[in-house]
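The letters A, B, C, D, E and F name the chains in turn, as written, and every chain counts its residues from 1.
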């Protein structure tokens, strides 16, 4: 993966999207479950929050690299969208401007996009919520942007601390955003399924009053580590 | 405008409020639209958030300058309020204390005030939401304040990065807070109306699948800037 | 109170919980009212926010000291819970990981716990909201933790800037979290009751248009302090 | 002062600089002293820090409004500089990019500028220190900017929370940055002189062991406020 | 320890300072060494930084609780100082104002105080450095404070996340600030001495090229944990 | 590049380091120059600061992924170091603990390492400065870490927002940290040389009083963009 010196001002039209069946299966599980199932990697930083509670999103990433205060490439990326895609917008430097509002959402939706993940600000959030267009962003800001600088579309990006390659699966819910590399999407979905099943059993036992101390056999390792009970 | 050395401990009673018709017209448009229509100036920083979703506010600013941990002047400002006024509270230094709660809101409402914009904390937010008293603040904090230091009422202030003069129009919604100088309120309202109308047309075209690339004639400037498409 | 050098790896089983009647009485008042009634002490920092609007909590603190990235002690603390307890989780250093989710909530609830206060992250927030399990936290993060290091249970801790001793009363609502030392819980509850009663009367007068300036007799001290009115 | 709708893309060539004698006199006093002498107004936020310890600056403000990621106007402002001027650069939205480095500093210095105050990032800080070119900034960043958007020169701006009008006196040292409106520069300088003289006397008495409690006659008001001594 | 409802407006005159020999011995060791020797507790948050590089401080804590924007109690605490004392100033809520400058430092020094730890701002930092008066603070700000509200002196406080009781030993250097409870000061000093001696030997072996992997016998536990080497 | 599900608990022993001549050439240029020469990519976020002024570093990256509060892998990475290597330590989640001090620095130096880049805290900074061991970090903290969890060595990591592959060239100075992919190191070094030469000429002209407006031929595009001069 070579990010610099040949990646600015580029639009990659043909990308390999993650296996549809894997995307569908991943869409059933929560971000926390998938993140655990993958071995605790791929999570975006916790400043990425949904603009309305209860939003959910799962799809193939179409990536875009933006510069502070400039959303020109958001119009370029629109043309590359296919139904079910998720736009992942990374910034070349920190910015809180509102790069996206209801007009762009209308355009993205017309192309079938499922939602947006952006490490910057968005606006028209009431309209976006009314449209049911899910967005995870760093902040909300009414400040618009200019259209003067080239970024790129469908190059590998770092968004909120996570590497995203075009075609990777992106899953987002109230707990945050996780990136599943396309190559392991199926494997991750299976692992999530297994974990979910395992958790269902545990939930029942815990609800019945069994303690994690016993269910996970923690008493012996805790004692070995030196835990002391005092009355 | 001379802020220092003659502005502490002052209450200006007679201020010129923005033209009522302009305020009424501005109240129909969103913060993002007005901010764009004015040429992207006058916006408060994005840390100013409504205490409940869906809050909206538009009115003439009555300003107050407070000091950290001291809300004495909030009682002084109450007396200066007229129906439809919006209190804009600036701080002489950063503070997260809760300067305002349901008692003051009751008093402000009794005078006809529309709401509060404060670059600090507020409390009793559940009661404020139940009253439908809209507030945009930096944070929420149960910590109260003392009443010991003089600030001023109806002097020019800097609130969350924006200059506010008494009588300016303040508009706030889920996207943030924008300040419209009284002298250009009518002009700004007209510009917002124009922009809104223009956006309605664009929304329809984008929903029908037309791309911003074509609608805004961006393909040529993008090519000139060096954008390359790769398959 | 000696925090260091003898407090790691310890579980205190017998703690003296705050007087039940005092807890019940405190549960009727808001955090802002109690904080005022106590003389403005005991409040946690304002970054502690409920994971869903309208959450309320009042109970006896069972404390736990955690280390960054490690939630082992959350399982240890579960065994010490009694009906109505509130778990107060402090961190030995700043961390945003998700230390708590729906499985632990199920276990805590099975023991009768009322909720959780944690100066770190939690996850499964949609499930927690559906369960009606109230949590005040620093952030939300899907990132899980390991189980490798001993902390302690029921030692004095500093949580979000406030000292919490096991058995103290913890009250939390939309305005934040306040800690009432067990020894003064009754006294604080009475003071809150008095304050609430006094506020009801003031609210009525303010709603009728009386100004705080007059109700609190502020005009004279303001004039003495040098306040000038200008027309 | 009307900030919006007529102030973008403007360069005001003729500004009235503060009285030279007042500037010279102010240059003798520290920021804290001047800020106190003015009644505690006009201070920029404390995130504004010098790029090297011991830097000092005092001069007439030439203002520039920049947009995130774009330093085009820094070249426009250079032409407007006269010996002793201080460039005050405000941003239309938060940005950490490096807007200024040793080339621009060379150009500013060639025009006689005394230094720079910028609510964003700068770079080449080692070179700037070697040149003895003083800068107060929000941060340091190697990231450069583009030249595509018009801002304005010599309009009133809000920089790090303080209003700065072209021609105002700006004083900066290790304690921060304070703005003295041109109209009161002389008055502020005199007040600073008075305060400094008064402090010299107090310093001597305090060094000799006299307590502030006695020197400022605080014992009686403290007792009245209710202070209790316990053995 | 009861913080609330009886601790405001109090000055405790007689406190038990930590054993002088223990203080002297602790003064030889770094903050990191002492913190490790105590089992990693008692450290203030890392935002506490010295105002000049190379500052060092070790002494008995005299505590003071301040309110935002008000440094009245700094004059009260001055009278309680004895040679070698360290003033630890906590805030009832976050504030960045400059509570302390060269006049107060002159007074503190006249009483023999060693330095100041304050979870807020200070000013006159150039003078303080010239005096060699060490201060660890949250920030630097030229903004002064008023003298209107009572806090307390020599009550237990929470400063930058750490509990400090009057008489505790406070040690500060370039790595931060650590609090050693008076009751275990001797024990902590001995543990620091032991650790320092052990580190000297390790330093020699590491400098000679021995790896921590071998010196600490980590290879087997790493292999057990599943570490895999790939060529 | 596949980060997840197969990259934890792995140490890659054989990595291809960047071409030595390219590293040597890059070591002559500043971070800002290299960043510009590469087209403004590869820069770490500006919170990465040197622990002492004037530090400089250029070498091949050996990467390590750490978990919050756990520095076990720092001992593992030590064994993989070769003369001139730079350790780049990324975190799986935000943490301010001190992962590195003078003992590890002694070990790293014994292996020939040039310095450390870490997106977390370090300690013993006075000793590190005395050793002349350069470190760029997010913060300074005396708080140590445990040794309990596996991370990985020489996998691709995201450090302070930048992707770093093992063997990439890392250059750091007072302006920050930039990553040059190994594959383009030579090309980047040549581009930096060209830029530096070009800047030398410009510096001379600017010092002689020529304006950037003329040197860069900006007057026409500024006029076209609508810039207006007012007297």
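FYI, a residue touches a chain if its C-beta (ideal position, glycine included) is under 8 Å from a C-beta of that chain, and two chains touch if they have at least 3 such contacts.
What you see is a predicted model, and the numbers here were worked out from it, not measured in a lab.
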item: Shared interface partners, meaning chains that touch chain C and chain D; value: A, B, E, F
item: Selected from D-F, A-F or C-F, interface repeating B-D by over half of its contact pairs; value: A-F
item: Distance from chain E to chain A - Cα centre to Cα centre, in angstrom; value: 41
item: Intercentroid distance (Cα basis), chain F paired with chain E, Å; value: 32
item: Contacts with two or more other chains, residues of chain F listed in rising order; value: 40, 43, 92-94, 96, 141, 143, 149
item: Chains grouped in pairs wherever the two touch, ordered by label; value: A-B, A-C, A-D, A-F, B-C, B-D, B-E, C-E, C-F, D-E, D-F, E-F
item: Residues of chain E touching chain B in the complex; value: 67-70, 92-97, 141, 143, 146, 148-149
item: Contact footprint of chain B on chain C as seen in their complex; value: 30-32, 35-36, 40, 43, 46, 49, 53-54, 173-176, 178, 199, 202-203, 206-209, 211-213, 216, 218, 222, 225-231
item: Footprint of chain D on chain E - complex, ascending; value: 9-14, 52, 72, 74-76, 78-79, 96, 98, 101-104, 106-107, 109-111, 121, 123-126, 139-144, 147, 149-150
item: Chain C residues touching chain E - in the complex, by the definition given at the top; value: 1-8, 38-43, 45, 92-94, 156, 158, 161-163, 165, 180-181, 183-184, 187-188, 191
